Structures are given as structure tokens and as C-alpha cells.
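Two complexes, one shared chain (subunit A), two partners (subunit B, subunit C).
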Partner chain A sequence: MAQAISPPEAPKETRTGRYSSDAAGLGKARAGVFVAPALLLVAAFLVFPALWVLYLGLTNYRLTGAAAAEPEFVGLGNLLGAVADPAFWNSTWLTVQFVLGSAVIGQVGLGFTIAWLLRDRRGPLKRLVEGLVILAWILPGAIVSFLWVALLDRDGGTLNALLGLPGFAWLLDHPMLSIIVFNTWRGTAFSMMLYGAALSNVPPSHLESARLAGASSWQQLRDVVFPHIRGHILTNLLLISLWTFNDFTPFLLTAGGPDGKSEVLAVHVYKVALQSGELGHGAAVSTIILLINLVVAVFYLRLLRSRR
Partner chain B sequence: MALRKRVVAVAVAAGLGLTACGGQSSGGGGDAIELTITQNAIAGGKNAAAAKFVADWVIPTFEAAQKAKGKNVTVTFIPSGVDDEQYKTKLSLDLKSGKGADVIDIDGIWAGEFAEAGYLKPLSEVVGPEADAWDGWAQIPEAVQGMAEFDGKKYALPVGTDGRVLYFNKSLFAKAGLPADWQPKSWQEILDAGAKLKSAGVPVPIQINAGTAMGEATAMQGVLPLLAGAGGEVHRDGKWTGASQPLKDALGLYQKIYGGGLGDPRLQQEAKGRDKSFQQFAQGKIGILMEGDYFWRGVVNPKTGVAKMADRDQAVGYALIPAIEPGKGIRGQDFVSMSGGALRTVNPGSKHPKEAFELLAFTLSPEALKEETKDGNVRVTPRSDVNKEILAGEPLLTFISEKVLPLTAYRPPVAVYPQVSVALQEATAAVAGGTPPDQAAADYQKKLEGIVGGAGNIAS
Partner chain C sequence: MTRFVLGRIGFSTLVAVLLAFFTLPLLWLVTAPFTSNPTYEVTVPDFTWDNFAAVVEHPYALPSLWNSVVLSAGTAALVVAFAALAAYALSRVRLPGRDALLYALLLLSSIITGTAAMVPLFQLAVELNLIDSQFGLILILTGGLLPAAIFMLKDFVDATPQSYEESARVFGASPLQIVRHVVVPLVRPGLATIAVWAVANVWGNFLMPYLLLSDVRKQPAAVITYTLYTEGGQANLSMLSTFGLLYSIPVVLMYLFVSKKYGFRFHGGIKR
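Right, the complex of A and B next:
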């Protein structure tokens, strides 16, 4: 998760065509040598596995049994089987809910709200809030999910004890809500920090003049703040949508249950490929996930470009 | 324990991350031999007694014996404390990449698919003639040896066998006016006892595992014994059983239990439902529970159990699982059970297969088995000579070995069985959630056709 990102800069480099494109004076060959190690790593750890998944998806490869020793080519059978499987569509729909609920609404909304409320504050309150939010983000997933299981447990759960609702089965009756709230809590820190940085770039003079002109808070946000941080918002949405889409942590809370009601796509692939041992089928589903990720990424990137 | 399970789940999901750590350090120092041994057992958690035994007795004793022979052998135990499905995934990935411990415990049902995949090789190939010449074979009954064989070749040594019974809480039974030597003769008598327990205020009168969250435990301690009790088998004479009457009967019992308020349908859905059922039985909240002898040895064991019951020997009763009606079980039996058993084998990728086999054989020597099973850790071992001595003071295990094993049944040792099992689990989940049994059975048949390659492989 902790990837370094740089928010897209305002378009300053549009006129670079005037200068030599070879600013360092290396020449193509030497520049290629410098780039080669990175490209090799990308090829070995990204391109090759992706192609391998494409290939596996066309076989009946299994984790165990005869098909593990000698997989056979089955063409598009796995892909067609996956698309015809209602469990796959169920998982896709749950994943859409999960991404919209916990990433787009939850993390962006909460992250921005905290960043906005704390923008002018200094001192211990700000540090405390930020510290707590970031703590939720940096704790290891296994530990955090164990804490949440203890919080939401039907019989001995802390939440039920606090609310005086013994026996209320959060993880069984509201599995999607549980993992959406969990993931919002878990991932808000990233959005909060990104928006915090973005808001500090909004020139105070613009806000000041808007206030003097009698703009309400909402008008200030809409007409002054958002245009300034639009690039940040889209970048943030792109990253957290993709992270959330591929997130496996819900498995640690509900194991996809009850009866598949919180089986998002990442959990679906795990169950198909590793628990049932159908690696070929799982690879085909992974291929579809890869395509969905590409579509989401292209959508956001186009949006970014068009708004410049 | 739940935490550990999750940690490993993450590691397994990361797949290669875990197998990458499975390699042995290159034994550069002189002629020192490093061996590793793994089981799904961990100190303080799952199968804690087994983990403790390996770490505290097997390893030091074996190392000392080797030293006496002039060999410098060090053995490391690699613990694990997760669901069996996850342990299997981890082993598969280990073996696939040529890594993993030298001596490995597997469930007997995995032998066929691991052998087909080339993950395991016949012991005589891996180890040499020592494997077939092992003196223990003479002590192991044919049926138990059969678990370790695939295509007529021995792939492992059997570690033991087990059986399923109905456990009941005698104090709850006394409260409900039921006898302490209860032995139902039909399913109706189980339901009647459940109804009495319910009116006596027992929160969960009957727990028979259902649903997918419990995994194979739903099959072995749930739908398969019921299927056998209704006269059915999941796989017979090369054909799979579809939406047959026995399956509908078995699902019908689930409906009566979970639709009739005699069981807790939510418990079947919880991610940790089986662990919770153990806790609830130990706390006196469950009246009747179908489980294997593992429950007696590893769960409510007053010393080493995960849900200890100090008064186990007085408070917990056990009975044979009845057929739907007398004489209506498989082979016309009055009572039924299901059995499995663990195997222990040598990793074909081991650098020191001879020493690994010595370690393996040592863990199944009479002295090791006697040491392992003393102090209340008795189990049915594979060796008749040892069983004769150790089961004498153990009523439940004598019961298993004398009454249950003669009438038990085994699962089909084929690679698609786990998927069939999942489809069965889904059928029980549907019924526990309110779907009519006929509908769930029809859905099962549809899934089965997809799994086993068409309706031609299903008996009509």
C-alpha cells in the first residue's frame, strides 16, 4: 500500500518541445543502459507474471492431482465458465459495492473531511487525530482484523457489549457493511494525508477574496478549493479504487461468508484457485480482474487528462 | 489461535512468500545433517500435545540416538496451526516448488491427488528398499495400510485412524430426563432427545456441522455420516451420487434440526463456527455434537484440549451414529461412521531421504507411540501391538477401535473429491438457511455434473 506517489503537477512542461529532448546529453544507447535494470525488474515481476496468468487461464492447471503434473490446454473454457458462473457476478457486484462504499465514499469522504477540518489547526489535537488515523493504516492487516473480529463478535464482541445488543451478528447479518466500515477506517489515512497536502497548496488569498465576496463554505469549497485540487482527487480515486478492488483483507474478517455474501473478487480468486485447487479457472478470473483494473485506470487517467 | 490462523492465511495467500522461506539452509558445516519435520500442530494452539511431543521428545531423543551412531543430525520442527484446507494449500505450494520439510504429515485423503500431481513419490523410490522392509508394516491392519497406498504403491506410513460418534453432555441430559447411557437407534430418537433438551432450556440442543465455513468438518462430521446412515455413499462403483433419496434424507435431517429450532443455523455460517461449537459444548450450551475422536483427545481433553473440560470423563457421553432407521444404513447396518487418518511421509525433494525416513520410522516406533500417547493423550495408533497396550485404560478409544472401526466408511481418494465436498457443504448451507432439501439436492446434482464431467459420471 505504501507507494510513493507524486500528485500530477499543473501543466508546466507543455513547452518542453522547445528544448532538446536529450537534456542530459546521454544519447539513446546510454540512456537505455540506465533504464535497463528497472525495465528488467518490471519485466520479471510484472509483465512475465501477467502473461503467465494469461497462459494459465487457458489450461486446466490444478493445485493437486493429475492436472497439476500435466495441465492440458482448454482454450477459452475457463473464461466462459467464469463468466457463466453466478458466483463470479455476485463477487463482481460485491466488489463494486466495496469499492464505492469504502473507497470512493468512505475513505475519500472521511479523509477529505478530516483534512478540511484540520487544515488551519496546529497543536496536539491535530497531531492526535492524525496519529490515530495513521495508526489504523500502518498496523499489520492480520492484527487489525483480529481486533475487528473481537470488536464485532456475536457473543463476546466489544461493540455488542457497548451497545447492549448481546447476540447481534454484525459479521453475519451485515457482512458487507462490516467490511466497508472496516476498510474505511483502515484506509482513510492515505486520503487524509494526500488532501492535507493538497489543501495547503490552495492559495489563502483566493479563499480570502472568496470570503470577502460573501461566498458560503460550500461555495468556497466548490469554486475555489476543488478546482485547485482536482488532480489530487482523481489521482487519489484512481489509487484507492485499484487498491480496494484488489484488497484481500475482508477475507480475514468474514472469510467471504456467510455463504458468499462478502466474497469480493480477491477472495473469490483465492477460494477458486487455492482452496478448490482450480488454478486454471482462478487464473481466468484473475485475467478478467486485470481487464477491469485496466478499464478503471484508463477511465481515471482520461478524466485527469481531459480536465487539464 | 484464530489470530494465528489469519496470519497464516495471509502468508498462504501470498503464496510464494511462504514457500520461499521453506528451504533448508545450505549445510556447509562439515557432515552435519539438517532435517525438518512439519505437522499441522503448534504449541499452545491446534494439536498442542503433538507439537510438544515432537519438540520435547522426538527431536532430542532422535538426535541423541543419531549422535550415538556417530552422526551429527539436527532436527527442526516447523509448526502450523491453521484449518486443514489452508495447511493443504501450503503443503501443495511447498511441494510444487520442490521445498518443504523433509518429513511431512498429510491427511490420508490427500495421498491420491498429491501422488497424481507428482508431489509425492512411492517411498521405495524416495528412500530405497528400507521403506518396504520397515518392521512396523507387520503390525498395521490392511485397511489402515490401504490409506497410505495409491495404485498399489506405498506413499507414506499411516499415523493412525479415527472414527465419528455422537457426543452428548450428560449433565444436560440429566436435566432433560434423558439417560446417561443414551444410544439412539434412529434419527427420530436424536430429534426426540433434541426436543427434550430444548424444553429443558438447553440453548443449542443439537450441533451437526453444516455450511462451507467449517470446510471438510461439515463433510466428515456432518453430511457424510448422515448420507451413510441413509444408505448412501458419495461415490460408488466409479459413479458419483446425485440428488438421490439418501442425500435428500440427510438434508432433510438438517432441515429438521436447523429449521425446527433444534440447532443454531448462524453458528454454521460464522468464520470460526467450529471453534465456537467446541467452546459452547465445553461451556454446557450444546446438548448433542457429532465429532471425531479428535474432539475427545484434542478439544475437551482436560490437560491439552483447546476447550478443556476438567470433568470430561464424567460429563461427556458418547454414542454410535444411528442409521435413519435400524438396518437402513450402508451395507444394511444399524449404525454408521466415517473414518480418515493421517499419513506421514518423506518429501521427494529431501536432501537426506535416508535419515528422513529413519526419523519418520522412529516417530512410529512402539517406544515413540507409547511415549506420545501417555498422560491422557491416547489415540488409535496404526500399530496393533501398541494399541493393545495403550487403549486398555481408555474407554472412548476402545469404543472407537472395537465398535466404530468395524462399521466405518472412507471417502473416495480421488482428486476431485474436495470439490464434491464443497458442493455438499453448500447444499447443507442452503438447507440450514431455509432452502427445501429437494431443491438443495437438485442444485447439488447440477454442480456435481460440472465438477465430475457431465451427467454420465453420476449414478441416476
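Right, the complex of A and C next:
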């Protein structure tokens, strides 16, 4: 992008004094003022809620009723209550299936496959495939979830029409499978682009010599490609696991139902806290989600650091 | 030779399956809006404009698109302005505790999600009287996006040379003038990236407005879509498909614009 400034040919004074990166002479005070508004908003709407969720989890706060006016401190009661709740474990198990199925197997597998298939290609076919995959990723969640409701509809749905299975209720009979395939479709773009960038960094000469030595495609992948992109794979796995784990979109497809059969943790919090009004209980579940996020994020950041 | 042919066949089959998988769900969105009385079935449209007329007449449909514009534009403007100031200061001035702050910001942005924070955010909004306030929602969304935005922008600022700023200073420009007239033009691609990223984020966000806006006149398109198909249990398909198409077009245009102008690729940070 061309810039519209021509720098004045200033006689470059050799300024005495320590080298400083503060070229505009901002100074610490003004720098503080520059940072303040952002930090204020982050503190108010990100840090404070996180701390508050820890506190709320220790009370019997409710949305309505007596406990809404004067919440009592119940200590670890909620946390223990949440953990003792079979619905929580059901949700946790469903979330594990959701993350493993749609993120680890679905998005990583499919994303890598597409990137690998299209690695040496240029032209309209590549643009078409990439464009469609990215389209699934950028369309608003409310729309794509409805498109899938239409696709999977038991009577007029396109899928049943194609498979010749009129009356098969995918969302009712196989809610988890539905949201797993849906989320794979929805999120593959990120992995595809990440692996596309990673594969372009694999030196072609290495692949060439492996081919000349008679390595099969699978051997080339295993011995040349994977060692090169191991860091990308880890990054990708951690990020999409984190995102999928916190994803609320399944709610739009199945609303957690039927009978909680697709109630992943994100939906579970919503149902407990805001539909049943048990804010304290919901906050305790949120605390657990925060802790899991923290573990994954710290692991990811350590990984980034060790690679620098 | 047979291996080569088999390879070609395998490749074509795989690509065809992929194309089908990614196209199938989208078909309905491009056919139903132009079909009179659409069902869930994908049929050849009879090219009617009646559905669009119905959307225009719906009391909340078009206003909700406008609400989405207000929310995304407002959030993007705040995110860009605050992130730019903070990123510049953090990049150029060694504030005490800067590295720890950056690390904390990065950590925060990835662990505190709408899911984990929905209860306290709802409470906070009630306490601060921000329920049903679009401005309040903009502030909350901005707070959520800022850490990642600061991080991405700092990469951009770090990569710009300081010589322009030094020259401007030699000519007696004040720090604020330097930031406005020298730094901002230099990092404009970075600002544009952040703005597009923020708009895309807010445009599709369902959870926060769903939680915090109960007045149907203030709700953005994401929430209105949902009300269109749960109202009375029966989905209004002609309405929904047409509205969905209108709601999707802006993001598609934005994607085309961005990929044409910058190439839709990863910037710094994420890649390694």
C-alpha cells in the first residue's frame, strides 16, 4: 500500500543520549494515558467478570427470589454441587466428544487434507474450494445453523432427499453427530489456511529427494512433512480445541436437546444460569470452564515461547 | 501410468466430495429467497421478489440489520482507536511491567470467553443499567476484543521504522501530531485488518446481544434471525431465507474486498 507521506529530508542529527525506541518523545506519562482507555475497558468487561465469576461461584445467587436480593456465601458448595450433578458430567462427556470429533478429527483432518490436496495447485479450482470452505467459516452463526436445520430437516431436507431416507430425524436421533459434522463444516477453514501456510514452508527439495529415494506419499508425509509442521499442528490443535470447547453455536442447532443429549458445557452454563436462574451454580460451572481454558492457554503460550 | 491415472481419479473424487459437502448446506440460501412459499426442499426457484418485499415490510427485519451495522461499526471504531493508542505506546515506550501486561492480555483474551463470562457480564450489565443499551453492548464487546487487537496491532507497529517519527520530531511536531499524522498512515493496513476482524466478530455474534438486549427494536440481525424461526414453533421460511441472504451479503462482500486487497492470509502472531 503506497503511503502518501514523503519524509522530510531532515539533516540527521546525531542525537546524544541513550538510544530510545520512543521516537515521538511520548514519555511514560503520556504513554500511560494512551494505554489507559483500553486497559480500563479490558479491566471492566474482561478481568472483572472473570474475578466475579470466581466469587459468584461461591454464593447461592439466583436470578429471582429471595436469594437474588441477599445471596449467601456457600463456599465450595456450588462447585461440589456442580461436580456432583450428573448433568454436568453428561455435558462434560458430550463436550469431549464434540471437541475430539469436530475439532481434532474433523477440522484438523479435513483442513489438512484440503491443504495437502491443493498444495501445488493454482487457478480456479483451488480458489473455488478455498472460497467455499472460507464461506462456511465467515457466514454468521445464526444463518449457517439454520441452513443446517434446513439441510437435516426430516421431511424436505436436502440430505434425506439425496440419501432417500424421508422422515429420518437427524437432529432428534443423532444430535451429537449432527453438531459434530456441522462444526467440522463450519470451522475447517482455519485449519485449512494454517496448514496451507505451513505446507508452503516445507522445502520442496526435501520432498523431491524423498520421492527420488522411492518414498511413498504416506512416507513423505510422515518423514518429511510432519516434522516440519509439528509446531503448526500443535498451535492449530490448541487453538481450535479452545474455540470448539467454548462454542455456543450448537445451541442454535439443537438447543441442547433432545433431553440434554447435545448439551455441551457452553449450553449447560446457559441453561443452568439463565434459564433455571441459578446464577451461583452456573458461575461454578463457568469457573471450571475458565480453569480448563487457563490450562490450555498456558500450555499454548509456553509452547510459543519455547519456539521463539 | 496406472498409478498416475488412479491418483487423478482419486483426487477428482475427493475434490468432488469436498465440494459437495461444502456446497450442499449453502444451496438453500441461494434458492429459497427467490422461491414463492419455500419449504426446506431445495428447488429451482421461480424468481419472485415477494419474499424481499415481505422482509422490507417486517417491522424488525431491516432495523435489525441497521442495528448490526451500528454495533459492528461502533465496536470496530472503539477497538481500532483504543488498540492503536495502546499498541503504539506499548511498542515505543518501555512502561514498567509491560511484558507482564502483554502476556496477561494474551492470556485473558483466550481464556475469558462469552461462555465462561456470561453470568457475570449479565449481572454487570444489570448493575450498570446497561441492559438494553446498545452503547453498553458496544463497550462490552470492545473490552472482549481489545486484548487480541492490541496484540495484533503491536506486531504491526513494531515492524514500522521509527525514522519518520524522529524526523517529524526534529521539525517540532508534538507527540500527538506525530501519532496522528505519521504513525496512523504508516500502520493503516494494520488498522484496516483490525477493523475488518472486529466487524466480522460482532456481525456474527449471537450470545452477547441475545443476553443483553431484550428490546426487539434494538436487537441485531443475529438475534432477530433466531426469533424468526422459533416464533410460535413454526419457522417462517420465506422470511428466514431471504433475511438470511441479506444478512450474509455484507460479510461476503467484505471477504471479497479483503481477499482482493490484502490476500486472505494470516498475519504475524498466529503463524508461529
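Quick notes on this structure:
The definition used in the following text is that the second predicted complex is superposed on the first by the 248 of 308 C-alpha atoms of A that agree within 3 Å, B and C clash if a C-alpha of one lies under 4 Å from a C-alpha of the other, contacts with A are read in each partner's own complex, and residues count from 1 in each chain.
Quick note on the criterion: a residue touches a chain if its C-beta (ideal position, glycine included) is under 8 Å from a C-beta of that chain, and two chains touch if they have at least 3 such contacts.
All figures in this text were calculated on a predicted structure; none of them were measured in a lab.
By the touch criterion defined above, A:Asn246 lies against subunit C but remains apart from subunit B after alignment on the C-alpha atoms of chain A.
When both complexes are overlaid on chain A, the residue A:Leu221 reaches neither subunit B nor subunit C. In the superposition on chain A, contact of A:Leu177 is made with neither subunit B nor subunit C. When the shared chain is aligned, subunit B comes close enough to touch A:Ala169, but subunit C does not. Once the two complexes are laid over each other on the shared chain, residue contacts for A:Ala210 go to neither subunit B nor subunit C. Look at A:Val202: by the touch rule set out above, it reaches neither subunit B nor subunit C.
Residue contacts after overlaying the shared chain place A:Val104 against neither subunit B nor subunit C.
Measured by the number of subunit A residues touched, the leading partner among subunit B and subunit C is C. Of the two partner chains placed around the shared chain by superposition, subunit C is the only one that A:Phe34 touches, whereas subunit B remains out of contact.
Of the two partner chains placed by superposition, subunit B and subunit C are both touched by A:Asp155. Residues 141-143, 146, 149, 155, 248, 252, 270, 274 of subunit A lie at the contact with subunit B in one complex and at the contact with subunit C in the other.
Remark: subunit B residues 2-3, 6-7, 9-10, 12-13, 15, 85, 88-89, 92-93, 96, 110, 112-114, 116-119, 211-213, 266, 269-272, 276, 415-416, 418-419, 422, 426, 429-430, 433 touch subunit A in the complex.
Taken together, the subunit A residues at the contact with subunit B in this complex read 62-69, 141-143, 145-146, 149, 154-155, 169, 171-172, 248, 251-255, 257-259, 270, 274-278. Listed in rising order, the residues of subunit A touching subunit C in the complex are 1, 3-5, 7-8, 10, 13, 21-28, 30-32, 34-35, 37-39, 41-42, 44-50, 52-53, 56, 110, 113-114, 117, 125, 128-129, 132-136, 138-144, 146-151, 153, 155-159, 161-162, 185, 193-194, 197, 231-232, 235, 242, 246-249, 252, 265-266, 269-270, 273-274, 279, 282-283, 286, 289-290, 293-294, 296-298, 300-301, 307.
The touching residues of subunit C, when paired with subunit A in their complex, are 11, 14-15, 18-19, 21-29, 32, 39-42, 78, 82-83, 85-86, 88-95, 103, 105-124, 139-140, 142-144, 146-147, 150, 162-171, 175, 178-179, 181-183, 185-186, 188-189, 200, 203-204, 206-207, 211, 221-223, 225-226, 229, 235, 237, 240, 244, 247-248, 251-252, 255, 264-266, 270-272.
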